[in-house]
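Each in structure tokens, the structures are laid out below.
Common to both upcoming complexes is chain A, partnered first by chain B, then by chain C.
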Partner chain A sequence: MANLADVSSQVSTRAAESAPPKKRVLSDTWYSVLLITPAMIFIFIFALFPLGYAINVSLRYADLTSPQGISDYVGLENYRFALNDNIFWASVQRTLTFGVAAVAIEMVLGIAIAFLLNEIKWLKGLARSLFILPLAASPVAVGLIWRYMYHPEFGVYNGILASLGLPEQNWLGSTALAMPSVIIFDVWQWTPFVALIVLAGLQALPKEPFEAARLDKASTWRILRTLTFPMLAPVLTLVFVLRAIDAVRLYDAVFSLTQGGPGQATEVVTYYLYRLGLRFFRLDQSSAMSLLFLYAVVVFTALLMRRFMRNIAERARRA
Partner chain B sequence: MKTNRRSILFLTLVVLIVLVSSAGVSAQSVTINWATIAGFYTDWAEQVAAEYEAATGVDINIIGIDFPQLYQNQVLESVADTGAYDILTYDVGWKAEFSENGYLLALDDLVAGNENAQAVLADIHPALLETTSHWRGQTFGLPYYTFTMGNFYRCDLYEDAGEQAAFLSRYGYPLDFPRTYEQMADIAEFFRRAPGETLKGETLDQDFYGIGLMAGRFPQVQDEINSIAWSWGAQVINDDGTPGTLSMTFMSAMSLYVNDLLPYAPPGATSSAFDEVIAQLRQGLIAQTGPMYLDQFPNAIKTEDEVSGARVCTAPTPGGHTWVGAFGLGVSADSGHQSEAFDFVAWLASPEAQRRFAEGGGSSALQSILSDTALIEANPRTMGHYPTLLRVLDHAADSNFYPNYYFVPQGGKIYDEMTTYYSAAASGEQSIEEAMTNFAQAVERICNGPCEVANDAFGADYTPIPKPFPYVEYYGR
Partner chain C sequence: MTLSEAWDRLFWAAIIVVLIGLVWIRFLESVIGPCDGPGLLVALAVGIVFFATGWRSAAARKKREMTETEAKDEL
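After this line comes the complex of A and B, so read on.
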């Protein structure tokens, strides 16, 4: 045994001597830091620096068209103004109305369409391609086309209503209909997004649990309730969060369809901030409002994503 | 191998020579960057600019920007002193702001050394010179395109014997283009017809409306409503800088617009801009426009091709006081080529370029072109509105009446707020009183109290009372 141990020791010594000299390599930590550095630089330049700048401006007096330009610190004065600005809060209310209505309709329709597409046997590829078209189109360009489609005298929608003997509508010129018209446009543009993501989720679901459920003669409703939707929950949460964030950032559709009108009936937060910041050049007030709005969106997203992220972390741990 | 090396050396030498020579060329040539409105307003200028380039060797780079973005792009570049634009294009409402904030260069010294520019300035209509060029006694730009307002109407309808008799019997005075806004409202009411009713003796198969209005949230609704208010003696901004929209006169003007004109306009009026009103005219849907930009004549006249038996005429707006102004061209204070930029501006405003512009359908700012009867007769479809346009401008100059908000340094922002609150009142989103109160508060917020009104027209001969339009001397087109 002793001989064997000596031989083994000699072999390992020789092996160590004959091996090439060990190079100094980066530790895992430094290697990770190296990999994420470019991304962090990018994020710093394009996200954190502007954010810091916005915070700085929001604490100063900053009217670009005044002789003072960006000048003295005024403390929380701009935040006080924002919290007392009725126009801002009215625009927040409109944004929420739009967001809730548009995202709810898009989710329901999108999920329904995804289920339909999942079931069809033929022309699935063509249907998917057609669904991508509204997503690929520029919102401003199609918004202008929709503006004419909505036109009470020349528009196609009133043409259809008239041919059906129904009363024609003042789609974008009525304070009652303008916001629903913007919502319809958004639903047309973004429902395909929901449908395609949910369809991808549906197609990725494992088949075995569903086959087992069918063998157990579970009803369709029960399969949906206990299998499909729980398994789709991460996808649905993600698509809901993405749509909700996008909906509260609504700008293009309002710009091309109504310019916030009639009156202020469709003036949502981003359009008001655009006017305040880039028409009136009050960067201080618009920055303060933007940051308040950003804070609200981040909190909302964090609450929604908490469970989703927890699930992902759980799965990662199990893996 | 040797051959290859020689070839590479030779090619390198050629590339270097090309680069050096092109650098030399670019260092010698001057490029003038002109920020302006994309589309018709400058399409004509492409060709004349090319001729200017050929004649002078100065490159003109026309940067077309959509009108809604034009203001902000120019302000941002000017605030940042980038010098990105050598020539700025501005609306009348922005003149005071651009001049006061130092975005525009005062041109007086450059004019003094340029005989052509002096001749152009003498030729520009005095009303446009006052509204578009002057600020605190100095000249900051030259108008090159006027979109002063007038009234388009279907004279074939107004001249129809049956319609005339019916109108006279209903209203007690003859049917003609309106001299007052009350008459405009009467005409609007009179011509509102439902399907099945007759128009010019023919049975209608669709709705026909008495008036077309641009009451949407676009920067035109205020020009319509202000025209009524100005003709009645009200101002958006009073002489003391306080908002004038809370006066009874102003609110009455707004009330006439909302209650006596809008009900007879197509339902889409509350989402319409100027182009939709012209489309309504061309589709034979309306009898008249409200106050409308006369530069739209080349489009409006197409009604005669598209609606059987239609004739389109022009008239001054009722009362004669209306939106008078133009797009102005000024030299950016940040420009590295101020002299060359001014030379181009002066050339663009010259009779030679303006004649080309007018023939192409533009509305010139020069008296010599506006009153050139031979030119007008030779171009009836592009210049048929010139006699009316000239009368409206003459009336503005004669009465020395220039709205105060043209002379407020925050004019561009006030103009933007007008769009919002006038549209709110027109659409019924807010009551007239509520909308005008909100607008007044917005103005006070913008100006931090009463606005400064640096109206050059103030003086011994200034009167805020509108001068009646001399209709007895004017009988329309």
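After this line comes the complex of A and C, so read on.
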């Protein structure tokens, strides 16, 4: 039976060899172009066209409350306004404050939690599932719940403070506490993201170098410093870039918690752009500012990714 | 210069052009008064010089590599 199968496979192979080669409909180049085309169309419609439109609007006078709407070209006047607008620069400063504080806390906590989750022996799956919960929730919905938790009279945080005999706080109504409150909310929501990615990176590390280090009686701190963190560096860079970009784009948390207040204490760039463009209908100025902001984010990301890609290339060359 | 190197250089040239334009508007115009044209020309000139320098150094590197390869082949 086995011989019969061998013979039949040989016959079919020979038949395939003797048959004339099938003519290919598309060359490799055109096949590649065909595969890329849908993604390119998508990118053009949803990224490049809006970008071009924003550039066009930023060079015109566009006050939607005036009868002419989007009208004549005004050159770089909107950029001149944006670069000399103190409210814009104050919102940039608040965005940077928020980004630095939130991302730093999230990275430190996320890495610590990832190490803990990597070490625990039981209920691993349950712990991970619980950690994903804040990520799965809608930021606006959770923001509204947190708004009630921060409430000065009925909020759970002031309840805890009162039970400890500490003075109650006006979490979202005080200029000193509003930004830290937004940061705490963001840390609660996004630390699990950092933890999960770092945990995946930790679990993908090879075991041999660590076993060799333990045999050589290297201290835990030395293993961390010379093995774990250098090997985790690409993952850490990636998660840092993702979180930093997301942190400077913060909008939903501010919208649901404080709406930029009290005063302008939590008015970050995106919220100011929303207010200027969609409340005051100055699409020209808000487009110019959003393009300046996009420029800053692109430069920051490009510099980090350049370093990241160079490190990966060096590692590949060494390997 | 490969296509990806040219694209990378072009990208950074564009970034530099925009940066010089922004610095011009933010700081120089407050001293010399509003003048878009000269600022644009200066920014573009710096961008072109940056791109051309990269192009020339890449061409020189490729020529050196080709000479080294030929020398190795001869050996």
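By our rule, the second predicted complex is superposed on the first by the 285 of 319 C-alpha atoms of A that agree within 3 Å, B and C clash if a C-alpha of one lies under 4 Å from a C-alpha of the other, contacts with A are read in each partner's own complex, and residues count from 1 in each chain.
To be clear about the criterion, a residue touches a chain if its C-beta (ideal position, glycine included) is under 8 Å from a C-beta of that chain, and two chains touch if they have at least 3 such contacts.
Here the structure is a predicted model, which means the values were calculated and not measured.
J.: Taking the superposition as given, does A:Arg275 touch the first partner, chain B, the second, chain C, both, or neither?
T.: Touch partner of A:Arg275: chain B, not chain C.
J.: Under the stated touch criterion, which partner chain does A:Leu83 make contact with: chain B (first), chain C (second), both, or neither?
T.: So A:Leu83 only meets chain C here.
J.: After the superposition on A, what does A:Leu64 contact: first (chain B), second (chain C), both or neither?
T.: Only chain B is touched by A:Leu64; chain C is not.
J.: Counting only touches as set out at the top, which of chain B and chain C does A:Pro230 meet: first, second, both, neither?
T.: So A:Pro230 meets neither chain B nor chain C here.
J.: With the two structures laid over each other on chain A, which partner does A:Glu168 touch: chain B (first), chain C (second), both, or neither?
T.: first
J.: For A:Pro50, is the partner it touches chain B (first), chain C (second), both, or none of the two (neither)?
T.: neither
J.: Going by the contact rule set out at the top, does A:His151 touch chain B (first), chain C (second), both, or neither?
T.: Once the two structures are laid over each other on A, A:His151 reaches chain B alone.
J.: Hey, is it chain B or chain C that touches more of chain A?
T.: B
J.: After overlaying the two complexes on chain A, where does the chain B footprint on chain A coincide with the chain C footprint?
T.: none
J.: Which of the residues in chain A end up touching chain C in this complex?
T.: On the chain A side, the touching residues are 75-76, 79-80, 83-84, 292, 295, 298-299, 302.
J.: Report the residues of chain A in contact with chain B in the complex, numbered from low to high.
T.: 64-65, 67, 69, 150-154, 168, 170-175, 178, 258-265, 267, 275, 278-281
J.: Can you list the chain C residues touching chain A in their complex?
T.: Those in contact with chain A are residues 11, 15, 18-19, 21-22, 25-26, 29, 34, 36.
J.: Which of the residues in chain B end up touching chain A in this complex?
T.: The touching residues are 71-72, 75-76, 79, 97, 101, 215-218, 266-272, 276, 279-280, 283, 285, 410, 413, 416, 419-421, 423-430, 435, 446.
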